[in-house]
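In the two complexes that follow, chain A is the common piece, with chain B as its partner first and chain C second.
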Partner chain A sequence: MPPTPCAICRTNRALILRPKDHSKLCKECFINVFETEIHHTVTTNNLFNRGEKIAIGASGGKDSTVLASVLKTLNERYDYGVELILLSIDEGIKGYRDDSLETVKRNAKQYDMPLTILGYDELYGWTMDQVVEQVGKKGNCTYCGVFRRQALDRGAVRLGVKHVVTGHNADDVAETVLMNLLRGDLPRLSRTTSIVTSTPSASNDPNSHTNIKRSKPLKYAYEKEIVLYAHHKNLDYFSTECIYSPEAFRGSARALIKNLERVRPSAILDVVRSGEDMAKLVPGADESCGGACSSQVPAAEEEEGGCGSSNGRNAGGKMASMEAHLAQNEVAAENGLEIEITMNGVNGQRHNRQDGGTASVVNGKKGRAKGQAFTPRKAPKQQVMGQCKRCGYLSSQEICKACVLLESLNKNRPKNHIEVSSHMQEETNGEVHNVTRG
Partner chain B sequence: MTDQPCMRCKENAAALVVRTEPLCRKCFTKYVHTKVIKRMETFRVRNSAPDQQRKILLPISFGVSSVILLHVLDHHLKNQKAKTGRTGYVLIVLFVDTSSVECLAQRENLLSQCQERYPDHKYASAPLHDVFSIQSPEHKSLLGLVSEMDLEPEADRTATEQLSALMKSLTSATARADVISTLRTRLIVQYAKLTGCEGVLWGDSTTRLAEKTLAETAKGRGFSLPWQIADGASPFGVTFNYPLRDVLKKELVAYAELSEPTLLPLFNDSSSNTQQPSMSSKNTTIDNLMEQYFESVEENFPSIVSNVVRTTSRLEPSQGSASESRCKLCSMPVSDGRFGIHGWGGDQQDGLENLSAERSHGLCYGCTRSIPQAAASRNLSG
Partner chain C sequence: MSGTKDDKAIPITVEFSGGLEMLFSNQRKHQLSIPTKDEAGSPSNIAYLVKYLCENVLKDPRKDLFILDGSVRPGILVLVNDADWELEGEDKYEIQRNDNILFVSTLHGG
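Showing the complex of A and B:
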């Protein structure tokens, strides 16, 4: 059998089975197609402005390395006129970050881009290894994700950058769509499908770190193609997964995405499309303009889940706790409905069959909530974005998620940060401090 | 397990544990019936005028769910009749025969056995290819689609030939399953209108609706989910209701096993449980994947399954969707004329020829994924 020619140039021998559509391409055409598609994403979404300084969130992994390489190539080829720099966050995970940061440092030389590395310890006083030591391996991805989100924005401010691009790929976005369906989180589903997000400034301070634009130029690029591109371009990247496993929802969604891709290669893209379409159907989304304008930039996530690590080996954690919570609600709702019916007759004399006063109040409340759910199309409550009172970061709560997490961490570690009013106590505290430090 | 007393009646021994509650056979039966009848509130006797019978269509596949739905509703109607002397609705039971396009171990005479057991309802059977011959306003678009695909240029093909030509053009197991279920839904809606039914009662369990949510998302049909999961108006002029939406699949299986007299002879052999999950991805469909996935989720996390369905039911159809143009295959309203798989962020081709050719085919994103030939044939010739 003669070698199959490339489906595009029809001259070279096809060596690559393109993951996205299973077309057979030669190396040059594949690289060209891959780059052209990213260029297409950048231009049709007007991601960049001429003269803009853009920080690439770089981890040394395949996604951000490919992003840096492609953006450098495209910036030169199509003259975007943007200034590209690298920004790395050191979570403080021994054996994971040490090596990958070395990779980023080499990348900085290879691509001739300035690099800044910011550590969690520098920003929060905690490395991830220390966090894990304290909270265990369950749920540590939440800390990591929350801290990283802010870390990039804080880093961007230090560098005087208003725009951060990240290496999120189509697999990541599809995974997030399925994960949010599984978690029943419609508002987040609608926010995370957007290619551009921003943390709109809640203050007038131009240096505030709440006014950073985020975008994902690789949003429509398949993970497998990113790996192929890195391989054929001989890119220097660090391939290891985070040693802490992902929480169950994400792990579960990721496994599903992989299986879907095997059955129908276009499925990843199809999930992304569904996610974009469904974002418009979430009640309250785009309400201000009657759903007509899609130009509105969604607010960025305060918390963007964990990292994209890929094995779903731990099956417990969040799924189990959410299950327990939901099951409790169901029981309460059922009892609550019964209470409401009997209330008509007994006129305020509430008697829960199982236990007394407090429970029936709680159940009554839950019952009403469920009662509303029966009338279809209840709009989820609108989040009002404000600023964290501690750190000034954009938050829907009074205290942002990072500060809440930090508070719980710090509570359990005697430290010199504890403020004490009386001198006596300060002395004793100081001793304790010395002991623990020493 | 049998040593435990039933948590509700406290008298009988529990036969199974339902969402942490040990229940006896009788209380479990009541539990399932209550969940279904709660969803049938709009069809109470007081909501129907004595001189005008409300008719609803119940499509039956002889799977566990649809047979149990018929069984419970038969009971419901008998109760209504006993209490008020009349019923709030009548049922028309329709079996769509897909044996010409998919291999199912179908037992003989299931429909007549059902009729014998529940004689108060009307029964009908229709082959899938009827979707090409029942005259309706939407009917033309479907014929147009098949002839446009240029499969066989003769205009006077029989409905059977049209169906098999369409099926032959599909290249994957997922596409075949997708098109069969789309055509089946179309036929059921056509039949409902033809027989004057105001709505369709679907047998989907909670688990099935959750499967459907993720499967349709994976097929690029996220836009049509509000019409596929929620109770109420459908875009087809009849209402859709899912009375089993609060019952898990494993609960239905348990109900079937505990039924007395047994319902087992009414099921067809290929009940989902015995199906071998074929691991060759060639024959696996997206629906299979989701079925396997939720089978495992349902085992340990039943409330998460219900939560998926509850959440998805809150999606709102886009405004003015009733007047929007429809997909020629699935008949779903497509917002802003976004037909085809080109011309959005995820489409990386700049060519506008693809776009306009594809848009003119009038297939939605999901249907274009299943029937790419329609677009391809144009592109090659043009």
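Showing the complex of A and C:
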């Protein structure tokens, strides 16, 4: 095949085929267009305020590395006047984070940004390795995801930062949209599709970690383009899969997204846009801020599954935490709206606004829902925001999820404490957790 | 495959990244010589290369993380000399001497 010229400069050889519009671009034009689109996302959504200090949730993976690189570039090019820092979470999985944290440390130098690394042990008294030792490999992603969600907010508070940006991309959002549709959780749909999710302060304490603003500047960026951007800009990133959830992709919503993309690349953004449209129609969603400001779903409970990455892309983790959410919703549902009513509202209008294809996937699920599949399930009841009685974190429950999980973890620890305090004195130097169980 | 290896083989560089290197002996760059023609006598293309990689280079039992239903798994990008393979005819692209073929996964943690 003869080389195709770039659609923009018409000189260089096209190397990139854009999924959203099939345009063929050369490397330089692609990089420029990609950055300009992120700039557009930032400005049209008013994501940043001049003088603001912003923490980038950094995992050393492709998304957060690209996010750091692009934001640094844009901050300089367009003079946003924001201060960017890197915040990394160390789950405490031996051998797993070592390389990615090394990558983050290099990124900190490359982008000249200060870096803070915060461990689960510091925050919760448990490393993920210890959690796995306690609960086994099944379901541990739930812990990882719940802990992670709060970890970034808590870390932000320690750093005196009110705004955390994460590397969630269009594929992540599309996946979440599908998952929320599959389980008929429309309130959460509205929250997970919004580009900004601030958690309104539940306390008067200025140091409370519940009023941290979260945003996703890469929300409309295809994962494919993020990887290509990293490749063509030669960015230093690290990829791995969480060793505790091998083969998590099989049969997942993620795999479905990737299959859709293969057939019809624009499908990913179509799903994202459809999710946004549906979210607007969810009763109770606050349209003026994309459902971000006063949604009944507190961000503290937002699903952000996932071991490993700050993005929680891990499908296994999402599935696991989805189960947890489902169970919880079921309990909280007594006074809830019939989801059917909500679905009818959604069905009634709007949906064909875009070029149809979106559509087929989403409509498929919807059609089913209208029939019978979702009827028995009730929507989560209007949740009342409050504070966790244990840790003060914003929560719709009396005790937040992290604390519930911690409680169950700690329950199984007393045995060790007794041993330590009675006849294993010589071991007290070692970590309590390492003491052999009786 | 026998005898004069030089005219019966094409030297190429195959690279794996984005987490795929884990399936290929944790090695990113592989210098390979692949046969010029496939079993049917047609010039070796990417489809053949993928099959060749699975049979000769991929030692990890989790082959389905690389191929699915006989072709490259969705979510894995293929770049031929830095160009998206979709611009080059996808798996029909006929491999040339000294080509650089990069397989990069988008599926791993970000």
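Keep in mind that, in the parts below, the second predicted complex is superposed on the first by the 314 of 438 C-alpha atoms of A that agree within 3 Å, B and C clash if a C-alpha of one lies under 4 Å from a C-alpha of the other, contacts with A are read in each partner's own complex, and residues count from 1 in each chain.
Heads up, the rule we're going with is that a residue touches a chain if its C-beta (ideal position, glycine included) is under 8 Å from a C-beta of that chain, and two chains touch if they have at least 3 such contacts.
A quick note: this is a predicted structure, and the numbers were derived from the prediction, not measured.
Contacts of A:114 after superposition on the shared chain: neither chain B nor chain C is touched.
Of the two partner chains, both chain B and chain C are touched by A:262. Shared-chain residue A:223: touches chain C; no touch with chain B. By the touch criterion defined above, A:64 reaches chain C but does not reach chain B.
When the two complexes are overlaid on their common chain A, residue A:182 makes contact with chain B while staying clear of chain C.
Touch criterion met: A:167 reaches chain C, while chain B stays clear of it. Touch criterion met: A:254 reaches chain C, while chain B stays clear of it.
When the two structures are aligned on the shared chain, A:81 is found in touch with neither chain B nor chain C. The contact surfaces that chain B and chain C form on chain A in the two complexes overlap at residues 259, 262. Only residues 19-20, 172, 174, 213-214, 216-223, 225-226, 230-232, 281, 284-286, 289, 293, 297, 300-304, 306-308, 310-319, 335, 344-346, 348-350, 365-366, 369 of chain B touch chain A when the two sit together in their complex. Of all residues in chain A, those touching chain B in their complex are 36-37, 40-41, 44-45, 170, 177-178, 181-186, 195, 219-220, 252, 256, 259-260, 262-264, 266-267, 269-278, 280-283, 290-291, 315, 319-320, 322-323, 326-327, 329-330, 373, 376-378, 380. Interface of chain C with chain A (complex): residues 17-19, 22, 62, 64-65, 73-75, 77, 79, 82-84, 86-89, 93, 102, 104-110. By the touch rule above, chain A contacts chain C in their complex via residues 1, 3-4, 13-17, 24, 27, 59, 61-64, 100, 167, 169, 171, 223-224, 226-228, 231-232, 239-242, 246-247, 249-250, 254-255, 258-259, 261-262, 308-311, 313-314.
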